[in-house]
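Here chain A shows up in two complexes: once beside chain B, once beside chain C.
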Partner chain A sequence: MDVLAATLAAVLFAGAPLALAALGETLSERAGVINLSVDGTILFSAMTAFVVAQGTGDAWTGMLGGALAGAFVAGVLALVGLWLRAPILAVGFILTLLCRDLAYFLGHAHARQPGPDLGVWTIPVVSDIPFLGTVIGRQSPVVFLSIVAMVAASFFLRRTRAGLHLRAAGESPKAAFARGIPVERLKVLYCLVGGAFSGLAGAAYSLGVKPGWGHPQGAEGAGWIALAIVIFGGWRPSRVVLGAYFFALIQVMGIHLQDFLPGLSSTLFQIAPFPVMILTLLFINIRRSGRFRDAVQQIPLLGRLAGKPPVGAPGALAGVLDQDAA
Partner chain B sequence: MKSPSPASINILSALGLALAATLAVLFFAGAPPLTTLTVLFGGGLNSTASLLKTFSSFIPLFLCATALLATYAAGLWNIGVEGQITLGAVFAAGFLRLPDPGSFPPALALILALTAAFAGGALWALLAGALRVYGRVHEIFSGLGLNFAATGVTLWLILGPWKRAGMASLSGTEPLPEAFRLPGFAGKPASMAGLVLAVAAFALVVWLLRRTTWGLKLAAVRQNLKAARLMGLSPGRRMLQAMALCGGLAGLAGGLLVTGLYHRLIPSISGNFGYTAILAVLMVSLAPSFVPVACFFFAVLLAGAVQLPMALELDSSLSGVIQGVLVLAFLAAGRMGIGGKLGGKLGGKPGGRLEGRLTGDTT
Partner chain C sequence: MNRERAVDVFLSHITKRYGRILANDGVTVALKPGRIHGLLGENGAGKSTLMRVLAGHILCDEGFIEVDGVRHAGLTPGAAMGLGIGILSQDPLDFPPLAAWENFALGGPPRTRKQARDRLAELSESLGFSLRPDEPVERFTVAERQQLELARLMDADVRLLILDEPTTGISPEQKDILFGILRNFAANKGRIVILVTHKLPEAEELCHEVLVMRRGRLVGSFEPPYDAGLLLETMFGPEAAKAATEPEITGQAAMAAIRVREAAAPQKAQAPALAELADAAFSDEKSALPPVSLSLRPGEVVGVAGVAGGGQELFLRGLAGLARIRSGRYVLGGADMRGQGMAAFSRAGVHFLPASRMEEGLFPGLSLADHARLGFPRETGDLRDLFTRRFVDRFHVPNQPTAPASSLSGGNQQRLLLSLIPDDTRLLVAESPTRGLDVASCVQVWEHLHALAAKGTAVVFSSEDLDEILARSGRILVFFNRRLTADTPAAGQTVRGLGRHMTGRAAHSATKSPA
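Right after this comes the complex of A and B.
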C-alpha cells in the first residue's frame, strides 16, 4: 500500500510538467495554432527560470520568468508563422532547435550551480490522512499547479463564453469570423498563452522535478511527448492530463525496474517513453479509423473498444497531424 | 548603376536580421561580439587543417540535405534523419565485424559496408514511412521517436554485445582494423570517397526529382494528395519510396562517419547532422542549387564552434543558434517580401490583405 501511494505521488510529480506543457498545447491547438516549438521552449524557459530564480533568490519569480520566456518564444512563432504567414510547422520546428541551442549557449555560465527550488507544500489536514497524505498531502507546488491548470482549462473551454470563442476559432475559422469573432487575434492570444504554459512546464523542471540547470538538463524530448499527448488525449484537457500521467508512470516504472534489472543502462529507460509514444499514437489512430470501427462493431465484446464516435482534431487542424494517409 | 535585384535585397535583409539577432544573443551572454564571430568563422577556414575539419562535417551534412530533398518533394516532414544516420552507422560497423581483416579484400568490405549502411538507414526510414502510410502516425512523431530509439540501440550495442574487450565504455566500440578504414587525405580523416559519393548522390537526386516521371509523381503527391490518389499514382507507395531513398542516403552518411571519420561506433554518432541538414534545406527554401552553399556555410560554423569552449569559454551550441536565427530570418524576409518578388508571387501584397480578411484578420 505504501509502495502504491509512493508510486502515485511520484507519477503526479513527474507528470506535472508534462501536463502543463500538454495543456498549453491543447489550448493553442484548439484555437487552431500548432506550436511545434514546445520541446525547445521547455528547455529555454527551464534555463531562464533557473537563472532568474538564482539571480533573485526566489523560485516563484523564476516561475514567472519561465512563463514569460515561453510566451516570448510563442510570440516569435506568432510573428513569423501567423502574422507573416510562413509555414507554421516549419517555424515551430526551427524554433525548437534554435531554443534548445540558445538555452545551452546562454545557460553555459550557470550550469551545475546550486539554486533555489520550489520545495514542498504540506497541506495541513490532508497530510495526516494515511494513504491520501502520501499521495497529495506533501507534494511539490508544481503538482497543485498542474491540477489547478487542468480544472481551469477544462472549465474555461467548456463553460465560458471566451472558451466558446476559442473553440469556434479553431473549429471553423470562417464561420467564427462571420459571427464577429476576431479569429486572428484569438489565435495569437492563445498561441502566447500556450507558450506561457510550456514556459511554466520548463520552470517546473528546473525548479522542481529536475532541479538545476546542466547540459543535458534531463528534460530533452519532453516537449515532443507533450505534443503526442495532446493527440492521445483527443484535445480534451482532462484526458490530456491523464495521458501525461501515463507517460510519467512509464518513467517512474523505469526507475523502479532499474533496481530489478541492473544490467540495463539507465539511458535505455530514458528512451523508453518514445517507442511507447509511437505505439500509443498507432493504437489511437487505428481505434479512430472507420475500418476498425466497422470491423469490431459486429463482435460482441470487442465492439466496446470502438467507443463513442471519434474525437478528432479541431476543424482547422483536421488532417495536419492526424492525417488520412494514402 | 543598376538597382539590386529583389532577391538579393531579400537575402541582404535576412542576413542583416540574423546578424542583429546574433549580436543580441552575444550581448546577453556577455561575449565579445567581434572576437566570437572571428573565432566562429575563422575556426573553420583559416588553415588547411581546419578546412579539412569543415569538409568532414560538410560531407554528412550535404548527404543528409540531399536526402531531405527527396522527402520534401513528396511533402513529407522527415525529421528522423538523425536515427537513419545512426542505423546506417550501426549496420556499417556491424558488417565490418564479420570478415577477417587479414584475408578479406578491403575494397569489397568497404563497398559492402556502405551498402549495408544504405540498407540500414532505408529500413529505419521505411519503418517511419509505414507508420505514416498504414498506421496514420505522423512522420514527425515516428521520426522523432525512432531517433531516440536509435540512440538506445547504439548505447545498448556499445555497452553490451559490442563492448570493447575487457571493459564497456561510452568511448565506443573497438576501433576498426586499418584495412577497413576509408583512406583520408593529408593524413586527416576526411575522405575523398565520401565527398565523391555525396556529390554523386546530389546529382542523382536532383535528376530524379527534376527530370523523371517519378519526380513529377512525387510533386503531385505533395501538392494534392487526394488528386494524386484519384489519378492512380498510389501516393502511399511514392511516399515509401521517397522515405527509403532519403533514409538510405542518410544511412550512407552514417556509414561514412564510421568508416571515414570515427573508425568505430560511438554514442550519438549522428552528431546533430540530421537536424542541421533540415535547417540548411529550409534556409534555401528547398532550392536544390543553393543546398551545397548552405551546407558548406553551416559546416564552417560547426567547425568553428568546436573552438569556442577552448578559446572563449563559450558553449559550442552558438553555431546552432546562428543557424536557427538565419533560417528564421530567411523565412521572415521571404514572407515580408521586402524585395517584392516572393511577396508578390505568394499573394503577400493585395491578395494577402484580402485573404487576411477572409480568415478573420480584422486589423
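Right after this comes the complex of A and C.
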C-alpha cells in the first residue's frame, strides 16, 4: 500500500510539468496556433527561472521569470509567424533549436550551482490521512499548480464566454471573423498564454522536478512528448493531463521494474515508455479506423463499445495535425 | 439607434479589385425599405462580393456605404451588425463542432448558457423551427443550419437581411417556409431583404424589385411583372440568353425531348445490366448507408436527388469506388467489386467527376500537360499532339500546356476534367457536374455527358437543382435520411413530387406542415 501511494505521488510529481506544457499547447492549438517551440521554450525558461530564483533567492519569483520567458518565446513566434506571416511550423521548429542552444549558452555560468527550489507543501488535514496523505498531502507546489491549471483550463474552455470565443476562433476563423470576433488578436493572446504555460513547465523542472541547471538539464524532449500528448488527448484539457500523468506512470514503472529485473540494460527502461505510449495511443485511437469499426460492428458487445469516433482537431488545424482515418 | 425606424441604405460607387479582376466596378444602389430585392447575375458577376462589402466581410477599394444618412468608407462585420446589417452566407458560416446554442450565442450579447438556450427556444418557436439546442451543428441538415443562422440574425434585430443563394441544398418545402419568413420580415417596420440568387423563378416568386449584375456592374433594375427573356438577356448577354432559355426555362420541353430519346432506344431496357448492387452497404469515416439494391443499364442517365447530407453524396462515392462496401455485393461487368481499390474500378471502366473540382479532381500545381500525361498513361505518342487534338480542339481547354491547373477558371476546370474522362468509360459518376458553371459551360457538359450515354456509358449524376435533374435524366433516384426513398422513371415527375420524396413525406399529404 505504501509502495502504491509513493508511486502515485511520484507519478503526480513527474507528470506535473508535462501536464502544464501540454495544457498550454492545448489552449494555443484550440485557438488555431501550432507552437512547435515547446521543447526549446521549456529549456529556455527552466534556465531563466533558475537564474532568476538564484539571483533573487526566491523560487516563486523564479516561477514568474520562467512564465515570462515562455511568453517571450511565444511572442517571437507570434511576431514572426502570425504578424509577419512566416510559416509558423517552420519557425516553431527553428525556435526550439535556438532556445535550447541559447539556454545552454546563457546558463553556462549558473550550471551545477546550488539554488532555491519550490520545496514541499504540506496540506494540514489531508497529510494526516493514511493513503491520501502520501499521494497528495505532502507534495511539490507544481503538482497542485498542474491540477488547478487543468480544472481552470477545462472550466475556461467549456463554461466561459472568452473560452467560447477561443474555441470559435480555432474552429472556423472565417465564421468567427464574420461575427466580429477579433480572431488574430485572440490567436496572439493564446499563443502567449500557451507560451507562459510552457514557461511554467520549464520552471517546474528547474525549481522542482529536476532542481538546478546543467547540461543536460533532464527536461530535454519533454516538449515533444507534450506536443504528442495534446494530439492524442484530443485537445481536451482533462484527457491531455491524464495523458501526461500516464506517460509519467510508465516512466516511473520503468524505474521500479529496473529493481526487479536487474539483468536488463537500464537504457531499455529509459526508452521503453516511448513504444508503450505509441501502443497505448494506437489502442485508444483504433476506433477511428473505419475497417476496425466495420469489423466490430458484427460483434454484438464490441460494436456498442466502438461507438462514435473520438473528436478531431480544431477546425483551423484539421489536416495539419489530424488526418482523417480511412 | 432607433430600430423602429425604416432603414435607409445607399451604396455608392463600390469598387473592389482582386488582382487584375474587377469584381465590383462602381456599383451604385439605393435599397428601399419594406422591400425584398432580388440580386441576379451569373456566377462571377460580383453579387457575393458586393454583399460581402455591405456586410463588412471585405473592404471595398473605392466607394462608400450610407446607412441612415451616415457615410461609412468601410465596415467591419461587427460594425455592420451594429448597424443592423446581417448576412446569411451561401455556405453556412458557423462552427460545426460547437453546440447549437453556442453557435447562437457567438458574436451576440453576453448571455449565460440558460439565457441563450431560452432565447433560442423562444425564437425557434416564433419562427416555426425545431432546433435541438445542445446538439453540435455538424449533425444538423443544411436547412437547420440555415434556420439557426436566421434565428441568430433575428435575435440581433437586423434591419437589412442579406441571403446569399439560400435555397441551395434545401428542399422545396423548406424553401417555402424560408420565403414566408422573409415576406413577414420585410413587411414589418420597413426592413429590407436582399436575395442573391441565380435562379430566376425564385426572384420572380419573391422579389419586389430585381437588380441584375453582370461582370461586376449593375446593369439593370426591374419591377414586376418580370419579362423572363429580358432578365436573362440582361444577366447573360443576348447570345448566351438564348442558350440559357433552353434547359433552364423550358425544362418541360427538354424533358419531353429526353422521353423521346428514351422511347427511341427501347433496347436499353433489355440490355444486360452494367452494374448490379445487391444489398450493397456503403460507408465512410463519418457515416454509413443502409443496404441499397438496384441495377444500372448501359446508356442510362440517372439523376440523384436529395437534400444536402441526405446520403446521395456517399452513394455516389460508393458507386465510384471511393467508399468502403461494408456488406452486400456490387457486381460490375461480372466481377464483385467489394474490397477492390480504386484502380480496379478504373479498370472496370468507372470514372468519377467530383463536385470540388480543384480539390479532388485536379492537381492545382501541375500543368495541363501533366494532367494529360496522368490521365492517359498508355498514350505513348507525342503528348503535345494528344493535348491539341483532344484537350484543345475537342474540349476547348485553353491551349497553354505549361500553365498550372490552378490558373483555370471554373468552366475551364470542368473542361479539363471532361477531357480526362476516357472515351470507353462504362460508368460515369458525376457529382453536381454543372455546379457554379456559366451557361455555355453547362451546355457543353451536358452535350458531352449525353454523347457518352448515347454510346452506352451509364451516367449517374447528382444535382442540387431539381429542374436540371428533371430535364437531364431518364431515371431518378431520391435519397432521404440516408435511405433510397424513390427509384423512378423521370417521365411524369415534378419538382414538388421529388421535393416530397426528398423530405420523406411522399406517403403523406403534401399539405402537412413540415417537421
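One rule holds for everything that comes next: the second predicted complex is superposed on the first by the 300 of 326 C-alpha atoms of A that agree within 3 Å, B and C clash if a C-alpha of one lies under 4 Å from a C-alpha of the other, contacts with A are read in each partner's own complex, and residues count from 1 in each chain.
FYI, a contact is a pair of C-beta atoms (placed from the backbone, for glycine too) under 8 Å apart; a residue touches a chain by one contact, two chains touch by 3 or more.
Note that the structure is predicted; figures quoted are calculated from it, not measured.
After overlaying the two complexes on the shared chain, residue contacts for A:I271 are found with chain B alone; chain C is out of touch. Contact with neither chain B nor chain C is seen for A:K210 once the two complexes are overlaid on the shared chain. The partner of chain A that touches more of its residues, comparing chain B with chain C, is B. Applying the stated contact rule after C-alpha superposition, one finds that A:A168 touches chain C and leaves chain B untouched. In the superposition on chain A, A:R236 makes contact with neither chain B nor chain C. In the overlay built on the shared chain, the residue A:R291 is in contact with chain C alone; chain B does not reach it. Look at A:R30: by the touch rule set out above, it reaches neither chain B nor chain C. After overlaying the two complexes on the shared chain, residue contacts for A:A176 are found with chain B and with chain C alike. Across the superposed pair, chain B and chain C both touch chain A at residues 174, 176-177, 181, 324-326.
Against chain C, the residues of chain A that register as touching in their complex are 159, 161, 164-165, 167-168, 171-172, 174-181, 288, 290-291, 294, 297, 309, 311, 315, 324-326. On the chain A side of its complex with chain B, the touching residues are 36, 76, 79-80, 84-87, 89-91, 93-95, 97-102, 104-106, 108-109, 169, 173-174, 176-177, 181-185, 215, 221, 224, 227-228, 265, 267-268, 271, 274-275, 277-278, 281-282, 285-286, 289, 321-326. Considering their complex, residues 25, 28-30, 77, 79, 131-138, 140-142, 144-149, 151-152, 155-156, 159, 221, 225, 228-229, 234-236, 239, 275, 278-279, 282, 313-315, 317-321, 323-325, 327-328, 331-332, 334-336, 352, 356, 358-363 of chain B touch chain A. Those residues of chain C whose C-beta lies close enough to touch chain A in the complex are 55, 57, 76-78, 81, 87, 89, 93-98, 102, 105-107, 110, 113, 283-285, 324, 326.
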